[in-house]
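These are the structures, in structure tokens.
Across the two complexes that follow, subunit A remains constant while its partner is subunit B and subsequently subunit C.
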Partner chain A sequence: MGPRGSREGRGTLLDVIIGGALAGALYSLVAVGLNIQYGITRILNLAYGEILIIGAYITFIFFNFYGINPLLTLILSGLITFILGILLQVAVFRKLVHSSSSAVELEFRSLFACFGLIYIIQNLLAYIFGTTPIGVPYLMEGISILGERFKTNMVVTAVLSVLINAVMYVFIRFTKFGLAMRATAEEPLGAQLIGIDVLKVHLVSFSMGCFAAALSGSMVCLIYSNLTPYSGTFYTIIALIILILGGKGNFLGSVAGAFIIGCSYYAMLRFKAALADPVIYIILIVVLIIRPRGLFGRQ
Partner chain B sequence: MSKSREKALSLKGYNLISFAVLAIIVTFFLLAPLFLETYYLSVLRNSLLFAALTISWFFFSGTTKYVSLGSAAFFGTGLYFTALYLEQSVLNKHLTILPLPVIMLMAGLLNFAIAFVVGLISLRLKGMYFAIATFALGEACRGIFNYAISDFMETHYTYIPPFSSEITYYTITVTAFTIFMLIFVLYRSKLGLALRAIGENEEAAAHLGVNTSLVKTFGFAISAMCIGFMGSCYVTIFTVTSPDIAFDFQFSFLPPMMAMFGGIGSFYAPLVGAVILSLLREFLGVTLVHHFLLILGIIIVLIAEFMPEGVVNFLKRWLMIKFRIRKRTF
Partner chain C sequence: MLNFLNRKAVTKMMIMIIVAVIIIASIAGSLYYFLYYLPAKQLAPKDKIVIGIAQSLSGPLAVQVMMWHQCYKWIIDDYNAKGGLYVPEYGKKLPITYVEYDDESDINKMLTLTERLITIDKVDLIFAPASTGFCYAAFSLYEKYHYPVIALTYGSQAGAEKMRRGELKYCFQTLASPDEVGEAVLGLLNYIKDKYGPLGNIGIIHHTDQHGIEHAAAIYGQLSLAGFNIAVYESYPFMTTEFKPLISKLKEANVEALILCGYEGPYFLRDAMAENYNPKFLLLGPSGVETPGMAFGALGFTLEQLKGVMLYIGPSVSYTENDFLRQWAEEHKERCRPVFHNDYGYPFPPSATFYAALQCLFEAVQKVGLNREKIAEALRTGSFDTILGKMHLRAGYSPQSEIGGGIIEQWQNRYIMDVIWPSKAASADVIYPKPPWPSS
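Presenting the complex of A and B:
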């Protein structure tokens, strides 16, 4: 949340656009993870925000207790949650997919399992670390972009998010495994018929989603110092909203959606902070009514 | 068609055991304040509250398989309308003081109207998109109420004249049982049949002449109305409330969770599931605060994995196999 009141009136539009883009870059990483999970494995992971919070806690622990540079902890948090993602997919979601007779049943059961996971992760974190808000204050000093001042960590996290997004995009778009992932997203049965190991694809895409979630969680932790075990829900909602704006399975759509949400959220925080949350929900509801497939969705 | 409806509503086809059990339960709940302490009354009251919320959720989402995660929106609207009316009718001379049931009825009808409009718009969405839209609706309502209350009322809280614990208990009990009966009748009516048909296969239902969008909207509105009634009578337990309490998203998450815990195949299963889970929440939640929710989470994941039909249906099937019962007893 930027400082309010001091610069309003001069260059506000530029400020909102740059600030929104910086916030949007981080949100795009949040959303892309969920998009990969939902688009490819067809499981709506409502416990996504909780995995993001796990990432934040990993950064907090390694910074606070071992004094490791917060940017280096990103690697650790990514690795740990990638493994966690594999475990979750194998232990919980794989069986759900296999034993459900219809898509509707799978939706119901995965929703139910996600409620359970939300309870488990939130209370495990609260039990181990308590409910005191955590945060890693890092690079808090200001930096000037086109005459507007922003916190350095916002800029650093935005650049990193764009880089990570680019790497994931290249992986999905230009490698053979990425092709298999896209094929599975389009038509799981057909993909299996032409010899794609669907199980492996699901495993990797679910873990990649967790990986993106944890990285964005670690970065959120650098910017805001008010994260508790219970603040994951907000990020789940942000990711869901961007997922719908961008369209399911649309990587670049998610990035564009993240920019829209980032700008409107940042602008509302500036002018009327109390309305920041309702406005993004209203954007979501309006988009769902006008274009149920999302602003950039196909079909 | 009227003949089959008569049959559905008639008392034939129910054996005496069901009636005896029902009579005992109703008598127990009505006489409970005579022999139970206040704490146990509040436990009973809360379990009835959640049972009514669950069955209202089940009436639309369990039958049509359109998962609504927006119960909190309707619960909160009902609760907040009642709270504001009670507060303003004391403070403001122009507003007449009305008895609680009349305000509750108004709150329910308001919810019916809101849900009808929301349903007309949002029920075009399918599957998870509907779930996300309704969830956003609940959260948006919370934000807007928070903003409106703190901006126009110049305070974050709304004060409610206190009610005695007996009045609270009886308000919630009577409303909950009314909702059970209403939904039981509706579930077995033509509307309920149409809703279940939509849940099985929406296109086939449309081909058989069901006006699916109208039926869905009506079902959604009735479900929201019942949730609004419960929200409205829940106001009696508070002396002060705020939008964060009224629109708490546990009211969105718990009804579907309790319904799926019991199983969404029949009318009784979600009801029993809700009572079991809320009693567990009340008793174990006090003694083991963090552990309990952790254990609950593990239990829920295990049920999702191994008992997709829900605990109640699972137990029923297990008992039937164990004792070789062929006929359905209830």
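Presenting the complex of A and C:
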């Protein structure tokens, strides 16, 4: 390979690494919320993508009707869905926790409740806002990173995702409440016996998941202008894949899984775009076969 | 001479034959009288014409329905405003109503609901569901129950070939088939080559869905046979949102004329702008960018950004052909205000063709009545007065009308796309090369 070839090769490698990292950063925020919800509360929230889309609609409304800067709407989006998370947890999932005799039964029942939520949220959004695709195209111009150009909104959302993830990680890892969350995730009965208010932990964990979902939805809304009430399923699938890949209840596993998915997908788009989707599922199947608990999950 | 009257000549056998002939003739006559003549004479009282619609009012396809199927309600309203549809066998105009079901974007549900419309609701006519795939699936039901249907949003080679071979007698398409698009792209590129000199490398990228695969193959076939240099021919995942990696590849291959066959145009455009990748010739598939209410609304593009971008979707109209169409476009804008919530609700290129094709169905009823076999025959062979002048539906091809017939359009200086090819239908000459992106 001559000097031109090696320069091109270096450029391609940089493109894949940076582009993959940017995509992975946003995916990590998408996935972390679901992982917190499932890991701690054992509720596999299949309506996660719909909560994400609610976040996107909140940003759309505040930007379009009140002219609020899209980045500032993230705060509103997070707060509103955090409260929504509290309501959902108290009104629906807490009852399921109480009436379930085992974790398996809770998972099973919550799955059905989530199916219902998917339809309720989708149709409510469609009823209120119609099915016209929404988006808040923002910071669309290109920006150069190490000689490679990327959309500014991709870079901004990636940086914000990393920051939000870092704050959530610090909260879970280094605060007393975070310790209670981890204890509840590992041994719910033991946590209850040593005086942890498991119901409160469940409430905060579920709402934190909704908070992360809504923030990622608001950010997705800045990048893509084709979101409809029915776009949530795609993000639920992405979050589930990353959850399985990173390991249930493993925060850092989710982040790492998201970067693996982001980089693999981006690299395949670069080299053989038609194989980009299959590669994600090949990785998933391989992990399920050789390490069923996920790359970073504990036994 | 009068031998036949000879008593001996009338044998028993002859009598039996005569009696048998009389009995058979009586039975046949009675059957005809009761089955065909009597019902025709004694028509069941009818006070309205019922149209059956099974369409995706919710679910992922609802977006397409919203953009493409508004004219279903409009044409019913418009005919009702004039007193309804004239039905010859009743000798009067009957008001039009409709029964509508939501298939929730589920193809199996759509088929079940369509069969319900036919067998339980016993509707007089049917309007087609959304999308190529749904229409193609429903074609077998229309054929089975002999319902003539105009599939507005159907654009695929597979069904078009069947229509051409006469295997689908009751199904009619409105959009141009991939082979018609391929011919148009070749014609336009030849024109550009003759006028502006040789084109550089050509790239064709497509999504891995029927639309992308068929259109890309048809265009590739035409261009490669004509000797154009296709440097990149590659597929990408359906509805991908990330085009930067592909754009890097196109840049490396020095692609100056790019054809994207898929619905992902807006994502491509955003990444191309950010990457400052500005091919001289940029042709996209239908993706919402051709719909002004979407392009300048939710998608957030400006006219300056889209200037020079081309789309293949036809048969299209530029709405400058006459005062009526200019007025129709303005009316469309007002009718679309509740849908798009902005001032850009102008029609997209084939909107008027969709409306006119449905007019053909209604005009066929006014001509031959509600007998569906006769309606299908009339649609196959006749031509009808529509908002685009005389229109003729062609089996397996896009309809022919006095006005319109464009296949390739370009964003130029109006909030409606200009038709640029074929030249006989064009409202403007092609802008070539495409202007640079505004920010660069």
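Heads up, the rule we're going with is that the second predicted complex is superposed on the first by the 282 of 299 C-alpha atoms of A that agree within 3 Å, B and C clash if a C-alpha of one lies under 4 Å from a C-alpha of the other, contacts with A are read in each partner's own complex, and residues count from 1 in each chain.
Please note the rule applied: a contact is a pair of C-beta atoms (placed from the backbone, for glycine too) under 8 Å apart; a residue touches a chain by one contact, two chains touch by 3 or more.
In this text, all values refer to a predicted model and were calculated from it rather than measured experimentally.
Enquirer: With both complexes superposed on chain A, which partner does A:L96 reach: first (subunit B), second (subunit C), both or neither?
Expert: In the superposed model, A:L96 contacts subunit B only, not subunit C.
Enquirer: Quick one: classify A:A274 as touching subunit B (first), subunit C (second), both or neither.
Expert: Both subunit B and subunit C are touched by A:A274.
Enquirer: With the two structures laid over each other on chain A, which partner does A:E141 touch: subunit B (first), subunit C (second), both, or neither?
Expert: second
Enquirer: I'd like to know which partner A:Y265 touches here: subunit B for first, subunit C for second, both or neither.
Expert: In the superposition, A:Y265 contacts subunit C only.
Enquirer: Once chain A of both complexes is superposed, is A:T228 in touch with subunit B (first), subunit C (second), both, or neither?
Expert: second
Enquirer: Is A:N123 in contact with subunit B, with subunit C, with both, or with neither (first, second, both, neither)?
Expert: It touches subunit B and subunit C both.
Enquirer: Once the structures are superposed on A, label A:T132 by its partner contacts, choosing first (subunit B), second (subunit C), both or neither.
Expert: It touches subunit C, and subunit B stays clear.
Enquirer: On subunit A, what residues does subunit B touch that subunit C touches as well?
Expert: 122-123, 126, 274, 277
Enquirer: Within their complex, state which residues of subunit B touch subunit A.
Expert: It comes out as residues 65, 67, 121-122, 124-129, 131-133, 135-137, 139-140, 143-144, 146-147, 150-151, 249, 253, 256-257, 260, 264, 290-291, 293-294, 296-301, 303-305, 308.
Enquirer: Could you please specify the touching residues of subunit A with respect to subunit B in the complex?
Expert: 38, 44, 92, 95-96, 99-100, 103-105, 107-113, 115-124, 126-127, 233, 237, 240-241, 244, 274-275, 277-278, 281-282, 284-285, 288-289, 292
Enquirer: Residues of subunit C touching subunit A in their complex?
Expert: Those residues of subunit C that touch subunit A are 58-60, 62-63, 65-66, 105, 205, 208, 234-237, 240-242, 244-246, 248-249, 252, 266-267, 270-271, 273-276, 288, 294, 297-300, 339-341, 439.
Enquirer: Would you tell me which residues of subunit A are touching subunit C in their complex?
Expert: Listed in rising order, the residues are 8, 12, 15-16, 19, 23, 122-123, 126, 130-137, 140-143, 149-152, 223-226, 228, 230, 265-267, 269-270, 273-274, 276-277.
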